[in-house]
Structures are given as C-alpha cells and as structure tokens.
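Below you'll find the structure, written out as structure tokens, and then a few comments.
Labels for the chains are A, B, C and D, by order of writing; each one numbers its residues from 1.
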Amino acid sequence: MDGQPKITTDGKDQGHNRAEILARFRAVRDGSMDLAAPLSAEDQCIQSMDDVSPTKWHLAHTSWAFETFVLKPFDPGYGEFHPDYNYLFNSYYETVGPRHLRPKRGLLSRPALDQIHAYRRHIEDAVAALIDAANEKKWAEMAAFVDLALNHEQQHQELMLTDIKHVFSCNPLQPVYQAYKPAKGNAGAGRGDFGKPEWIEFPEGLVETGVDGNGDGFTFDNESPRHKVWLNGFRIATRPVRNGEYLKFIEDGGYRRPEFWLSNGWAAVQAETWTAPLYWRQQGDAEKNGGDWRLMTLAGERALDPVEPVCHVSMFEAAAFAKWAGKRLPLEAEWECLAADLPVQGNFADSGHFHPVPGPEAATSGTAAQVFGDVWEWTSSAYAAYPGYRAADGVLGEYNGKFMSGQMVLRGGSAVTPEGHVRASYRNFFYPPDRWQFSGLRLAEDI
Amino acid sequence: MDGQPKITTDGKDQGHNRAEILARFRAVRDGSMDLAAPLSAEDQCIQSMDDVSPTKWHLAHTSWAFETFVLKPFDPGYGEFHPDYNYLFNSYYETVGPRHLRPKRGLLSRPALDQIHAYRRHIEDAVAALIDAANEKKWAEMAAFVDLALNHEQQHQELMLTDIKHVFSCNPLQPVYQAYKPAKGNAGAGRGDFGKPEWIEFPEGLVETGVDGNGDGFTFDNESPRHKVWLNGFRIATRPVRNGEYLKFIEDGGYRRPEFWLSNGWAAVQAETWTAPLYWRQQGDAEKNGGDWRLMTLAGERALDPVEPVCHVSMFEAAAFAKWAGKRLPLEAEWECLAADLPVQGNFADSGHFHPVPGPEAATSGTAAQVFGDVWEWTSSAYAAYPGYRAADGVLGEYNGKFMSGQMVLRGGSAVTPEGHVRASYRNFFYPPDRWQFSGLRLAEDI
Amino acid sequence: MDGQPKITTDGKDQGHNRAEILARFRAVRDGSMDLAAPLSAEDQCIQSMDDVSPTKWHLAHTSWAFETFVLKPFDPGYGEFHPDYNYLFNSYYETVGPRHLRPKRGLLSRPALDQIHAYRRHIEDAVAALIDAANEKKWAEMAAFVDLALNHEQQHQELMLTDIKHVFSCNPLQPVYQAYKPAKGNAGAGRGDFGKPEWIEFPEGLVETGVDGNGDGFTFDNESPRHKVWLNGFRIATRPVRNGEYLKFIEDGGYRRPEFWLSNGWAAVQAETWTAPLYWRQQGDAEKNGGDWRLMTLAGERALDPVEPVCHVSMFEAAAFAKWAGKRLPLEAEWECLAADLPVQGNFADSGHFHPVPGPEAATSGTAAQVFGDVWEWTSSAYAAYPGYRAADGVLGEYNGKFMSGQMVLRGGSAVTPEGHVRASYRNFFYPPDRWQFSGLRLAEDI
Amino acid sequence: MDGQPKITTDGKDQGHNRAEILARFRAVRDGSMDLAAPLSAEDQCIQSMDDVSPTKWHLAHTSWAFETFVLKPFDPGYGEFHPDYNYLFNSYYETVGPRHLRPKRGLLSRPALDQIHAYRRHIEDAVAALIDAANEKKWAEMAAFVDLALNHEQQHQELMLTDIKHVFSCNPLQPVYQAYKPAKGNAGAGRGDFGKPEWIEFPEGLVETGVDGNGDGFTFDNESPRHKVWLNGFRIATRPVRNGEYLKFIEDGGYRRPEFWLSNGWAAVQAETWTAPLYWRQQGDAEKNGGDWRLMTLAGERALDPVEPVCHVSMFEAAAFAKWAGKRLPLEAEWECLAADLPVQGNFADSGHFHPVPGPEAATSGTAAQVFGDVWEWTSSAYAAYPGYRAADGVLGEYNGKFMSGQMVLRGGSAVTPEGHVRASYRNFFYPPDRWQFSGLRLAEDI
C-alpha cells in the first residue's frame, strides 16, 4: 500500500501485537479522560479563539477518528452512535463530507458532556470488539489504522492542555488547571544564574534524516521517506534558550527594534502589540528588573524562573531573538542530527508537570539537554514534503500533506506532549505568528 | 430628585408597599431561575454572537444590578460576594469602572453556574434583610431603586429567552428549550386563511403621550415626561402582520426588489443574504408553496402557521413589507394612541408559550387585537429623548439615555416579555438590522 | 404627479422661466468647472475614503444626472455620449441598473479628465437645445426636472470642496486648494475673546414647519409637506458654538470622560482615537494653551481662531459638547422656528472663502447670527419622513427617501454651500460619526 | 565588507567599468520613462490594491533608491530635491526612518508627475556627476551600489507593467496599455494543438546551486552563497504548462474538487471565488468549450491561446494543477539544474510584447524551452536563506533578508522582466495566493 500509514502485510512485525495494542488503546483513551478530569462541563465547552477547540470537542473528535479510520472501513456491522456526529466532529476532512465550521465549535452546549462520554464508550466497545474479533488478515490490514488513531488521540491530548491554558488565560478569575507540582529532581532549581549554553559542533557532510515508514514503530507519513541532505558545518546549542536570556533581549529593546525582525514579524509586533512572550505579565513598574515578570501556567501564575526554557514564543520572536544574539535558528535536519542518537527522555505530559522545567545547572560539554520535552523548538525549515513523499489517497491523505503551506517545522516535543509520542524524526508544524502552543527555541550557527 | 428613577418622598404613594415589593422580589428572582431550569450548565455558558449573552451571565448581571443600585448605596455594611464580580458582570456602566468586554462573555466557564447561584442567594438574602431593616426614611429613598432593579431583571428574563433561542439556532442538533404547549384557547388555530386586517381611524389632533414618572406604578425614565404631540389623521391596523401575509411579500420577490427597501436595508439583504425572517427555513423545493416553510421555535421546529404574527423581522424588513403593501409603519405616538386605553392583555412569557400565537380568526371591527404581547412592533420613530427628558446623574443616567442614537422604537411587548412588565407607554429599542428579538410589525397609513 | 419633484402644470408659475433657467443652467455648470480649476487631473482622480468621490467623478455624475433625469425621458433623439457612462456614473439608483461600486471610484484614471470635459459639453449642448426646442407642454413637464438636476449639481459642488479637503488632508505635502482670502468684513477678526452666546426664547405652541412642494421656488421632496409640530418652550443660542468654547471642552477632558457621550459616540472616540475635531492638529506641547492648535483648511494650515464656529465635528462630538455645557442640540423644528423669518445671508461658497468665518464680536441681543452658511448645524432629529411624505416612483423616488435610516438632520448650510442653494426648510443629513463635512452646532435648552 | 552587495576592492574586475555603467545607467533610467510613456498622469496615480503601486510612485521610488544607496553615502555635497521625499518614497526600509503607508500610495496626486520627472532628472544629474568625479578609491567603493540601484530599478520596471495591468483590469472601460504586437517569430502560432511536454531526466547526486557574490556580474545577496544540495533523481518538463492543459484541469472540475488543493489553497478558492487564473474571463455559456475563454492582456482582451504558457496563477493553483496531473512542482534547486547551462534567451520585456508567447510547436526531445522569460515558474521551495547567507547591516540588509517568511521561490523571469536582468540563479518570491504577477509553472516528478 502506497502512502500513509505505512503498513506491512504482517501486523506482528510492526509491533502490532494485538494484546499490546489493545492495552495501549485502553491507556490512551483513559488518558484523555484523565486530562479532562479537572475540568467542569462548562470549562469543556469554551473556545477562546478560532485555533482553540473546546475540551469536549477533542474528546469527541478523537472518537470520531476511530469511527472514521477504523470502524467504518473495517467493521461492516458498525452502527453510528448518532447521525449528526460525523458532521459535528469532523475536523478538516473534505473527503468525509461537510462539517461544522471550526470557529463555531464553542457554540455546542449540546451534545452534553455526558453524551460525549457515552459516545466515547460506544466507540471503545466497538473498537475493542473489532480488535478481538478480527482474523489475522483483517488485523494485518487494520492494525496500522488503530495505531494511527491512537497517535492522533495523543496529539489531541497535547492540544487539550494547550487549548485549556489559552481558555483560562482569557478568564479574569485566573482559573488553575491543577495545583503546582515541582518537576522531578528540580525542586530547588530556578531563579538563579541562567548560565550560558555550550555548543556542539557538526562537520559538513551528507546526512540522512527522516524515516522509512515500514520500519519499527509508528511514524506519521510526513516523516517519510528517509532521505539524504547535505549540511554545511554547524554548531548547535546544548540547551534551549532560557527565560533569563530572553529577558535580556526584551530589556535591550528587542520588541521595539525592527532590525531584528522579519518583515511579517515586525508587522505582527505592531498589530498585536507584543512586548513579551504569551502568558508573560509584567507586574508593577516596567522599568524594574526581571523579578517583576510573572508567568501564567496551568498551575496558576508565578514568578518568572530565569532557568526555565522560554516558552510560548512565535517563530517571529524566536527568529528575532536569534538575530539579536548573533545566531540563527537551526534547520530541521540540523536539529535531527543533534537528536538522532539521544534517548527520548525529558519533561513530558506524563510527568504531570505540564510546564517547561528549569534546565540542568550547566550542560556538561558535549551533552545536549532538554532536546525532548519541555518546549517545541522552532526551526528555520518551512514545513514541506520530504523528497519522494506522496500523500495517501482518500481521508488519510488529508491528515498531513495538505497543510504543507505557510507553516514552519518544530521539533522535540513539549511539557504537554504525551510521553512516548515523540521521536527524533517527529515533525510538528505551526504558522510563524502562532504562540499559544508550548514553543521555544534552540540556537545554532555556521562554523 | 431630578432624573431616573422617579421617586417621591413617600414610598407608599408609589405602590412601594414593603411587603408587596418583597413578595414581588421573591417572585421575580425565582422567575429567572425557573426560566434557566430547562438549561444545562453548558447551555448557560454559550454566547452565539456579540449581541447575545450567556444565560448564566444574565443570572449574575441581574444580581449585580441589585448590588450596584441597591446594596452598595443603601447598605453600609454590605460585603461583596466576590471582588471580581463587579468587573465581570457590569454590562455597560462606565461610571462603575472597567468591565469585561461584551463579546467575551462566552469565555467565562468560571464562575461556575453553582457559584452564580450562590451569588444570587447572597444578593437575595442581603436585599431581603435590607428591605426588612430599613427605616421609613431609608425605605422611601430606596424603594424606587429596588423597583428599578426588579424591572431590570424582567428585561433580562426576556433576553434570556431571546438569547437562548439564538444559541440553539446555531446548534445543528436543534435543541428544544421546552416542549410545545399550545397557546391558551388557540389549540385549533393556524394553517387557515389569514384574513385581512381592519383599520381603526384616528383624526388629526394634539395628543399626549408618555408618562410623568411620579405617577402610579413603575416606569422607565425614557417614557417621561408626558408631552404633547401633534398627529395628522391616520389609520392603524387592528392586528399585526401575519406570516401568511409576509409570505406573499416573499413570493412577490420582496427580498430581490430594491424598490421596497431603505438603502441600508438593501445593503443588509445583500450582505447577510436574507431571504426570509430569521428562524424561517425552507424545506425542499423553493419554488413550491408556503407550506414548505418551517419555523424554528423554542419548542423546536414546526410548520409555518400563516395566522401567527410574523416575528423576527428587522426594521428594514418591516419597512420593506410596509412599502410593498402600500402602507407604512406607525409612529410611536400613533401606536400609543391605539394602545392607550386598552387592557394590557396578551400572550406573555407567563403563559409559558414563548411564541407568538395565531391571531383571532377575524378582528371585530374597531377592536384592536394582539396589541400587547406576541411581537414587539417596529415603529418608524427613532429612539430619542422626549421633550424635557433629562438623564439622571451617575450610574442610573447610563441606563437608557446614552443609547438614544441609531436605534428605533418598538412597542407592545412580546411572547417572551414577562406578564405585567409592559404598558402602553413602554419603549423598547433595537437597531434597524436587529432581528434576533421577537419583533414584528403593524401597518398604518395616512388618512 | 405624485411625489418629487413637485410639478405644476404651468412651468411659469414655478419660476420656471425658460430664459432664466437656461442662464442658471449655464452658471451652475460653469461653477462646477470653476471649482475644479485649481486642481490638476491627478488631484481630480483621488478617492481618500469610501465616502469621498474624486472631483472628476462629481463632474461626470452631475452630467449623468441631466442625462438620466432630463435628456433620456424628454429627448427622444438623444444619443448617449458613451455606452459605459451610465454604469460608471450612476451613484446609487437601483432602478437605473447596475453600477460601478462606490469604493472603487478612485480607480478610474479613464475616462480621462478631458473626456469628462467633453461629456459635460455634450450634455450641456443637448440640454440647451432641448430647453430651446421644447414646446410649452413639454417645458411644463420637464422644467422641474431641469431644476432638480441643477440643485443636484449644487449639492455636488459642496461635496467637491468637502471631498478635496479630505483628499488633501491625506497628503503629507499639505497641498493648498487656493490661497487664503479673508472673509468679507472680517479681516481683523479672530484670536480674540470668543464671548458668550445670548439666547432667544420661543414659547410653547403648535408651529408649522416644512414646505409644500408646489409653492414658489425649488425644494426637495424631503422638505415636504408643510405640517404641524407641537414644541415645548425653548431657548436657542444666537450663534453657533465657537472654537474657543470647544477648546474649553477639550481642555476639561471632554474626549476622556464617557459621561458626556452617547454610547456609540464613546465607542467611536476610542476606536478612532479622536481627541479633537477633524483637521485640528496640536503642535508642540499638548499641555500648552490653545494657541498651539492649528487648523487644516482649503487654504492651508493656520492657527486656530477661537472666534470661528467650530467645524468638522461629528454628531457624537456635538452632543457630547452640548451635554458638557449643560445644554442640548435643538430639534430640527426648533431650528426652523429660529430661521423661518431670517434672510438667507451668510458666508457661502460664492464668497470664495470656503471656510467658516469668525462670528460677529457680540451678537446683538435677540438677533441670531450665522444661521445660514459657515457650518451645517447638527440637530437632535433623526432624518425621517415628514408626516404625509411619499417618495415618488422610479428613479426620483430614490433621491432622498431611501436614506431615511440612521442619519441625523443638519440645517443652515456651510461655507462651501453654493449661495442660493439653501433655505430655512432645507434638510441635510449625515451619519452620527461623520465629520468630514463642514458641520458644527448651535446649543438649545428647555425653558 | 561584509554582506550585500558583494564588492571587491577593484571595481574594474567586477565589470564595473565606469563608462559602461554610466551608459547602462542612462539606458535603464530612460527605459523606465519609456515604460511610463503610454500612460497619462492620471493612469500613473492609481493604486488598485495594497500590493500595487502607482506608476509614478515607482518612478520616484527608484530615484529615491539612488539617493539613498548612492548619493547620500557617497556624495557629501548632495542636496535633497525635496525634504519630504524620503518619507514619501521609502518603500519598506525601517532603518531610513518613518514612511508613508503602502496602502496609501494611491492618495498622492501630489507630487505631480511633472515634479517626479524633475526629481528623476535631479537624481540623474547628481549620479552622473558623482560617477564622473569619483576618484578610483571612491569608485571602487560605490560601483556596486550603483549596480544594485540599477538592478533595483529593473525590478520596478517589471512591477510597473505588472501593476498597471492590474489597475487597468479594474477599469470597466478595459484600457489598453499598448497595441498588440505579435511576438517575434510566432505570428502564426496559437489556437492549435498544445501537444505534450517531454521530460528531461536528472540522476540523483550532490549539486551546487547559487552563486558566490564576488564572481562576475551582479547578483542579489539572496542568490549567495553557492552551496551544495543533494537531489534525488527527478524528471522535469521541457516546457511550462500551457493554457490548453490548464483548461483541461478547469473542465475536469479542478476548482471544485478539494482533493487537489492545499488546505489554504482550498480556503482561497472559496473565499475569493476563483474559477480560473486571474485575467481569464469566460464569455457566454460556461458549459461551452475553451474557445469561449478570453484573456485580458496589456494589449487588451483576446481569445485564449491554448499554446501559450498559463500565466497569472497562484502557487495554490499551480500546486493543485500539478497534483491533478499526477506530478509535482520542482524544487528551486531542481529548476536551477535545468537552467544552469542554458543561454538566457526568451520573451522578455525588451521584446515589447509584454505577454507570454506561444511555445514552440513541439519541444525537441531533451531541449528545454521557455526556461527564461514568458512566465515566472513557481517552485515548491519556500523562500529562505541559503546556507551561510548573512544579511548586510543597515539599509541594504533590509533589501531581501527580512522577507524570508511565508513566500515561495519563483524562477526564470517573465514576459515583463527586462532583458538581461534575470539569470539561472535568480530568485523571485511571492506569497502562495499572489497571482497578479506573471506566474506560471513547469511540472516535475520523481524518478
């Protein structure tokens, strides 16, 4: 089969062990419900801007994905839970028919949250029964689609947290999603010296990046195929840019000096009256030092920690900071060289912290830190098809390929990415002015 | 005291009997809760357009009004329920300080509905205690303010129903606010011949309209003072325009022929692609007869009843219909002449029907029908100050006066106006393109 | 014939003397060309906002009006100058067919100005020939239409000056339309004490306003019919509000204090960041006295003269000033009472000054000053049909009637109104936020 | 000297022969005037959308560039022609100070065209004198800046034609820029069979693209430095896509089928109601064959020629066409491989045709046709910095670098590009929805 997801004829070879995937199915589905647990039915209704979806919409849409990618194609006896849900919970798939307009998702008090819970159970029962009943041939055909729908749901788990943070930021009562939980092993960190990054050097040469979809483990079609890229020699920082460093940029007039900005970035600064990353608030006298800056987090507002990676910056801000610092953003292939052989460890959503953590006091020379987790790192690479990429036909072909215009690649995952979801070849993408997602940056430079 | 509300030094003379007003206070406050009862917490969160407020916002704002107009000025020991509520639930009073922006009312999942219920009880306890404890002097000072806040809450009861209808109209699941309840004594009506209005003639002359605020019973400041108006001789229809008549206008190309429309109205027809009143939906073949038209109501969708008064038309549509019919809209003073001596009877919210009802089979000559209730009737009078009107100082001065620009007067109340709230001198006002309110029209002509 | 213009069967009775009207035709047509004379072909192309039309469009549209109102209906042999001009130069007449969109008038480099001059001559020759050749019967039919087209052209003469002022205000080079010419008899005026208005008192009573269209002299249909209005007793100022007085309002925080403003007005102040009338510019230190304010005029920029009537204020600003002053705007009927018996004298366009002039040092008690000319005076009356008004059928019916929504009446004419064009019953109309026209105000109050 | 333009210490080595550059200066400056010659002063005022600049603004801005890049830095005695021109004619250089807003360029009737002509002469005299008087050291410093300003003016010559085409397309009179002049040697072409492209194959390998700025001849900084790129094997069409082929796409429902479109492209199709390339107009019955399509050109409207390269398509349309055809757009490096060794010959502005010409009847196998001239060819490469690129400091650094966000690269030049201006390494860039420029496409595919 050409396209996405990449499927072999033998489900087992793909780690598509039936029992294991069923267990993972239960765990992922429960995980979404757990993330919604601190939120009231009212909280789960709100859409604070067009880019944001209500929590309960995420809960329903991720179920719709199982219905559309797995149940309808593979279960001839499947009965729809509700005839209108295909219309209501289709996100952007033109081939599946007309759909409710994205900016109007916040108008749906009905279906009630209870109904969406029932929808989830309906889907879960049907998927579990289908997995159980499928013969080997069918399982070999469908396993990759189950895997895709699971990975899709994990993407929406990140969006649930990303979106509810924005929703709460619009509420003058400053609601808290969950109480503050210090990150593992970082109880005493922060508010100290933010140090300097060290640099790892890579010589020029032909490298391979991306993956071939029929290897081990799930990957999205946009990570394929593996392909050669020539890179000039470069250096890349051992850690992401920290709040303390970003504050220097602000204090040096970064948001008032057009010379650092892309033309569209400078226009955004003026139109949106940006003076700092999203969720930063300056208390009291703006002339004072950085201690006055406060950060809105999912655990409420607290003082800015200079040792944490800067988060919630747009690509425009990331690029302006890099120019101010005399550096540049890395290419996505450069980033992938850095990440290629590192273990996928870091501060992920499963830690329950839901916020970038302070970095290690000093990165040991040659050892990259906070590559995975904490913050998505903007690259200077436009989101485009890899050489040889071809979108699948039908609904799956709309998953990624049609968004390859106008967006930039981010790498590495964030503090709200589910653990196990991200990898070195993983490509996230947002528009240059977007900043409600957990995005930061890492510096690079030519040798 | 100059201005609004009109207060005499002796509360008793104003019907400001303490026990009676307390009973009314309980009844009105309970009434708001009753109206919200069919709605879930999620339903009560939604703001479907800038003009619409979420139900729970109405519940809170009407409490804020008692706090602001009664408790804070008259109860020195009053303690605020929550320090942020003055910011959140101030609708438009500049003198009370900054406020949450109107288009963002739908982002407030918090305070939760439960909290707003608690706020209501807090206010109710404090107001009841204050009424109970006030000496005669204080009571004489404050009674009119209690009365104002009660009338204010009744206005918002109408808005609660008006707004939730719009909210539900945006939901593809077509939620129903309450099951259909045939109007009293009209069980068999409808779908028949819609007849012709008869005409009542008034000779030219000097009339008096409006009221003097210090007469019996509560009135808003915009109804004062009573003043003379010269009217040329005119005729006015015995009943409002009916769906069946309006359908003739549609079928005659009314929405495609600019000659009937005000210039701004024609621009609205094109920009909004209006082809019928709001909440009308044509099923099947548009070339077929009127039986295909269906109406969305608070009780769900049903076939258009030609004998019901047309409802949810803008002033632009009302004026275009009148021009098509060779008539005109009445002046508000003309309407008031018609209504002046009639009993305030009709289909009001307290009937539980929440929808215009079919009119009497034939209006007996000389007897006006459906003057009160059913539909607000657009007049051709711009909403302006009566001669001698002067807005009060401070917060009360913002209640009505500052809106006297760009709006038109409507008269008579509607099927969602609380019974007892409206009267012959009552002036409602909306912008010419507005049509989510329960608005219809009655024809008039020169003699 | 019902409607507008009011025509009798005998042209002579209407002052429709053929020789006289022909002379007036020549004079008015030449007058338009004279007004355009100081402007280059490039100047005459510019549309600086949707409300503004390029000068050469005015020159063409006024010719189109003769073609549409006079030549096509009355001259069977008339040949169009160009087949596309009906499309290009129709302003807003739906009944005449599709038309070029108003906001795109500034894109028409073609037809070249020369072509438009040729079009004007073509029209003038045809109209003159038609007037000459018409028999008595035809002349009786057509005379009023010639008169209408002439008055229409005079209205556009005012707009030509109003619009080019706005065009030039958008040009950083600050072009000057014509050199400054001191107003007749006011050479030494200005910059002195701006004095206080005196007040003229009118007792309550039934008055008649408006005119009956078939009386002497041309009137627009919106001035008809003459009708009774009851007025309470009132006082009205002997002169318009002056720059010096308005400056006091500014210095008292008028643009920062919502309590003076209509709700929509306050929204406009904030959205448009208004801090003074249009064309006022503050030079240097804003904390200094009024001498720092400068005024952009058609003769270039100069120091604000405190004795001139304030000009280029919106109705929102006029109403806010009046409230600040403890007064109100007059009703249009009140204004007409003041003006009814006064000679139509004042500073008009024919003086060549094109700017409000300083008022008389002190208005002699009981004598109203600057009633006509200088500035259009905002009233508190919404622009609506007079009782008994009925728009004509066809193209003429679109002249005035369809604009009777959302606008307010202004009275008296301005410094750019052609002399002889205005009268006591004349009704001009603009939207409340408009202020590029020459609009000021006169105060009134209740007795 | 770091940055752009790349300058060596010896002007002669760069082909910066003083006499030759002076001759070229005269020729380029005269060329701009020649292009404006068919246009009236009025034509030269018009700005038909924000992206378009008036012709006379181009004439002035190209003079401002000489003033800013050459005269002010190198001529200490230079006196400005007018103190406001730096404000009026600065396009986007933040470092040069505040500037007139781009969307308001069409409001500038002043300076008059005559004044801009005088400004041009003032600049030309000063530049010629400076070139003449400069000693060798100064000449070596300044020669590259003169060259830059000349190339800048050539870019604006293309924009003058591009923009006036759009201006005229907005005019219902359909003005013609110049009479139709058949392209050299193609008098009888067109309206025949549009054939099929052949394909040239390139094996995989490491290639070098771009240039090093200090080589022979002028290049822009965005073409540097020369750098290695790995390319997979690919095939590229011998000629651009033709109108006849594009028409097949339209007839196959291309504009109604979302499956071919990028998500943002499909949104643009719906929002802009695109049904064909810009300047295509379908006459008569839309169901008929392609003979009904007509094309608006600078020489007026004429029948669509199926053998001409399709022009005025957005990148969204180009990509949708490619997907429909089962192919893809080339990478810019792939295109550069094709073009690298070809002579820079084709239909350029200097031919006086100003329109894509029909392609050769059949491309001889292996021979690429219409690589240069006719139409800019969209690539799938986002406009980004080449590895090692570094923008210059100061005003020159704003020339290209700050626009490297959100745009796509186009290659090859067009029928309105001045001859001699373009080369294999030349990178043009526009936003994906832009289509008023002369843009087409060439297909590619993987081997």
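Keep in mind that, in the parts below, contacts are C-beta pairs under 8 Å (C-beta built on N, C-alpha and C of every residue); 3 or more make two chains touch, one makes a residue touch a chain.
Everything numeric here is computed off the predicted structure, so don't read it as measured data.
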Q) What pair in A-D, B-C or C-D shares over half of its contact pairs, by residue number, with A-B? A) C-D
Q) Compared with subunit D, which chain's mean CA position is the farthest off? A) B
(Q) Nearest whole angstrom, what separates the Cα centre of subunit B from the Cα centre of subunit C? (A) 38
(Q) Please tell me the distance, in whole Å, between the geometric centres of subunit B and subunit D computed from their C-alpha atoms. (A) 60
**Q.** Centre-of-Cα separation between subunit D and subunit C, whole angstrom
**A.** 48
Q: Could you pull out which subunit B residues touch subunit A in their complex?
A: 40-46, 48, 84, 87-88, 100, 104, 106-113, 167, 170-173, 175
Q | subunit B residues within the subunit C interface of the complex | A | 92, 94-95, 206, 227-232, 258-259, 261-266, 315-316, 319, 380-382, 384-385, 387-388, 397, 402-406, 432, 446
